[in-house]
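These are the structures in question, set out in turn.
Note that chain A is present in both complexes that follow, paired respectively with chain B and with chain C.
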Partner chain A sequence: MSPLLHVETLRIAAGPHAPALVDGISLELDRGKALGLVGESGAGKTLACLALLRLLPEGLHIQDGRIRLDGQELTALTDTEMRRLRGGRIGMVLQNPLSSLNPLMRIGDQIGEAFAVHRGVRWRTALWKLAVEALRAVRIPTPEQRVSAYAHQFSGGMRQRVAITMNIACAPDLLIADEPTTALDATIRLQVLRLLGDIRRERRMALILVTHDLPMVARFCDDVAVMYAGRIVERGPVEAIFANPAHPYTRGLIGATPRLDGRRRLATIAGQPPSPGSIASGCAFASRCDVADAGCRQGRIDLLDLGEQRAAACRKPFARPPAEAAA
Partner chain B sequence: MSARIHIEAVSKTYPVRTSLFSRRRELAALRGVSLRIEAGTTLGLVGESGSGKSTLARLVMGAENADAGKISIDGRDVRAGLPRAADAWLRRTLQPVLQDPYGALNPRMTVAETVGEPLHIQRQGSRAEIAARVRELLELVGLSAALATSLPVALSGGQRQRVAIARALSISPRVLILDEPVSALDMSVQAQVINLLQDLQDRLGLTYLLISHDLAVVAHLSTHIAVLYLGQVVEAGDRNAVIRTPRHPYTRSLIAAAEPGGEVEAIQGEMPSPLAPPSGCPFHPRCPQAVSECRSTPPALRRISGTHLAACHLADSAQETAA
Partner chain C sequence: MRRLAGSVATILLASLVIFVLIRLVGDPTHLMLPPEATDDDRALLRQELGLDRPMVVQYATFLFDLLRGDMGESFSYRQPALPLVISMLPPSLMLAGAAMLMAVALGVPWGLLAAYRPDGWADRTGRVFAVLGQSGPPFFVGLLLIRLLSVNWRLLPTSGYGDVTHLVMPAFALSWYSAAGLLRLTRASVTEALRSDYILTARIKGVSDRAVLLRHALRNAALPIITFTSSQFGILLGSAVSIEAVFAWPGFGKLIVDAISQLDYTVVQAGVVVAAVLFIAINLCTDILCAALDPRIRLGS
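Up next is the complex of A and B:
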């Protein structure tokens, strides 16, 4: 069976000769699966997702590559066709729910809009009835009263639930959630993530979770793709990668994550993430890497198949620095 | 070099209007909070937005006054509007490091000017002495001397936070108030700053009051932890006791939310508004174990063992659940 989403060598830049902000990434995602897309700011996670929706910021373009959803080539669609797809077959939830809600519209009308646009439902009573059901599905208490409220009358966690409701109202095949819980408090974050997990299983919806929170990916995703400087440097099943990361950057991120068990010292990655276009050749991570050698600074280092559905863009996968290997 | 902080039965209420035409109401941000921080240790304050943790930090910094209760550092009173000499002493003793390394620095001042400014204001040394001290501080926080003439715009988030820390340390304070010091930083840089804060404490014997919504960061940096809920301490104790044998159901839910694979049931609902706190235990509307006593009687913060305190009627029966 072919995957639901198939991205091939996607490249995003301001022009054909400008430095690539997303540099030839490839991804596959099956129906009902969750992929965690992790990386630091500027790694290109959000741009890659916006490209899937064809919503790149002014001036940036898909320079190369293919995006197929259920066999349909998205890069070839007209704007009108694309508009029908967004909110229909693909949903997107953003970090700040306030920015995706209209402050002047009642919640029922906002959720109803999705049914009006994508299902052709006309009457407000019918739309509100659908909205009440949709709110109930995301476990909002007393949805009959809540449909007539405005966004400002909702708490942060409830707003994010409403934003999720709007985006899953038409049963999308794919939901892209970009840092959906970063603005929320810890206990609310867990509630929203569990809700997303339940919906995904109930509806066999595929989920791309963009985040910098590794424990969250370990807990809620099947697969993970780690991005660095516009490339995917490692991808594969979550459990295998967290147990034994192949790329030194993935290993560094896992070691840098504070944990409740309170080790006294965190592993660190020296230096800062590079700015786009500053890496001329070789591996973008080489200057911060603890196992890099001269060969890592030349040519282009592509994803290398490691078997068991894993791949890493590293000449020395699974290598450890001498001190650590001895310990 | 270190200092001991006492917070005794501190309460703080703000008058608020929920809309333009409504009457003023009282928002109880802190309700009888008592904590002590021993010299050279780190107290991590955890709680969700609205729990009162930032209010407490403002009171400890002497930016505002409590309505009731008392705060002291090494036995000396901390409050806003102290006499000049006492106020200068407080500024030298305690310095804040805030969340946003972008907003905390003057965009027109170089790194060296920013770090040296408190020394000039406090008239600590000649120009040459201050310049030497600035070089020393930059080295202390792991910044290259070449960055001394840079403006904040040329620095990364991690470098800016290091500058903010160097500035806070310039006048050799004994206490740092760390308000979400790493939440704005990228993962790899966050670990560098966490390690730096640990090293500085080891080398200089600093006392830290750390505020964070991220329990993993708090658990990593703190020797002691206090959990705030709706303006009250619901659990406090040394780090291992609170993390390994949490006695309050709210603490357990925070741990479950932070620990991958933690299988404690997710608590329902959200924190009630501090304008309308529930009767009895403030946590009872969300508590999976609440009994009728919890709805009527507020639980006292009582000793579980040693320095481990919890405000829960069921704290004793909770022991088995945690074990």
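Up next is the complex of A and C:
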């Protein structure tokens, strides 16, 4: 069976000769599966996701590559066809639930808008009825009263539930959640994530979870793709990668994650990620890498198949620095 | 309740300032009596008008009369000042109202289009218009219009007060400046709204460009636009003075200007109080409108 989402060599830049902000990434995602997209800020995670919706910020364009959803080539669709797909087959939840809700519109109208666009429902009473059902599905208490409320009358966690409701109202095949819990209290995070997990299972919806939070990926995702400087440097099943990361950057990220037993000192990755276009050749991570040698700074390093559905863009996969190997 | 107290204080303060200022400017009896009148004649007239008493007493009397709706008699027209001022309001309000409507009808859609397609044709022409509008004084625009539409093309009457044809040119000349301001403001606020997350969310939901622009962006940009529009109303009434002169439009502005030059204290005072009440009423309407539009401003929620 072909995957639900198939992204091939996607390249995003301001122009044909401008440095790429997303540099030839490829992804596959099956129906009902969850993919964690991780990496530092500025790695191109959000841009890659916006490109799937063809909603890149002003001035940025998809320069190259293919995006297929259920066999349908998205880059070839007209604007109107693309608009029908948005909210209908692909949804996306943004990071800050307060700013992603319109402050002047009642919640019922904002959720109802999705039904109006995709199901052609006209009347407000009918739209609100659908909105109430949708709110009930994400376990908002007393949805009959809440539909007429405004965003500022909700708590942070409730707002994010409402934002999720808006985007899954028309049962999309794919939901992108761009750091959906970063702006929330720690106690609410788990609730929202569980909700996303439940919805995914109930509706067989595929999920792309964009995050910095590796434990969250370990817990809620099937696969993980690690992005660095606009490229995917490692991807594969969550358990295998967390157990034995192949790319030194992935190893660094996992080492930088606090653990409850606290026995190990928290590791950091020295240096800063490069700015777009500053790396002429070689591996973008080489200057921060603890196992890099002269060969890593030359040529183009592509994703290398490691078997077991894993791949990493590294000349020396699974290499450890001498000190650690000795220990 | 606090608002009401504030409004009353505003009216009192405005009346006090104008009351003192106009008395500093000069003695109206010089203008009211023929040049050959003696100082005794003038003293008698001052006494008759109550101008010989201390200013504090005069002001107290003024306030006391104000409570009964009496603002004294005009020195030059020999009739009650308040009804005189109010009788001149309708033409001015009509002129300012028509100008306001034109400014909104011109500035808001233009600004919206400019924000929707930055550097598109609406944005380019809009920028030219904004500079022209904000640098061309209304009376000059009025004179140009008269030259073009009345003298050269004979389409509209040059001046006077009557039907709609008399209203079009002065109203348009008056709206020119506000329209340019509204265009810039609309473009800026809609542009800002379009950058927000809720617009992106609406697009993600698949909402069409038109609905995104009108239902989401314009509505959120409406608050500054409404506030600006209401503040323009005062400016419009103010610049209506020059427009009323150019187009010989018998209005409130012309009445007050004449009253000041004739040192007609009572008419000036009545005019200021009426204007203050008018502005307060407009501000109140603006606040009510904003609260109706934005649930976050609504009291008690």
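Keep this in mind: the second predicted complex is superposed on the first by the 326 of 327 C-alpha atoms of A that agree within 3 Å, B and C clash if a C-alpha of one lies under 4 Å from a C-alpha of the other, contacts with A are read in each partner's own complex, and residues count from 1 in each chain.
Just so it is clear, a contact is a pair of C-beta atoms (placed from the backbone, for glycine too) under 8 Å apart; a residue touches a chain by one contact, two chains touch by 3 or more.
A quick note: this is a predicted structure, and the numbers were derived from the prediction, not measured.
Superposition model on chain A: chain B and chain C are shown accommodated side by side without a clash. Using the contact criterion defined above for the overlaid structures, shared-chain residue A:78 touches neither chain B nor chain C, since it reaches no partner.
Once the two complexes are laid over each other on the shared chain, residue contacts for A:150 go to chain C alone; chain B is not touched. Looking at the shared chain after the overlay, A:2 reaches neither chain B nor chain C. Legend: residue contacts after superposition of the two complexes on their common chain; A:125 is shown touching neither chain B nor chain C.
When both complexes are overlaid on chain A, the residue A:53 reaches chain C alone and has no touch with chain B. Put simply, more of the residues of chain A are touched by B, taking chain B and chain C as the two choices. Once you line the two complexes up on chain A, you'll see the smallest CA to CA distance from chain B to chain C is 5 Å. No residue of chain A touches both chain B in one complex and chain C in the other. Residues of chain C touching chain A in their complex: 196-198, 200-208, 211, 215-216, 219-220, 293-296, 301. In the complex of the two chains, the chain A residues touching chain B come out as 40-41, 141, 155, 157-158, 185-191, 194, 212, 214-216, 218-219, 252-253, 255-269, 272-273. Against chain C, in their complex, chain A makes its touches with residues 53, 55, 83-88, 91-92, 94, 96, 99-105, 113-114, 117-118, 150, 152-153, 163, 166-167. Within the complex, the chain B residues that touch chain A are 48-49, 156, 158-159, 186-192, 194-195, 198, 213-217, 219-220, 239-240, 243, 253-261, 266-271.
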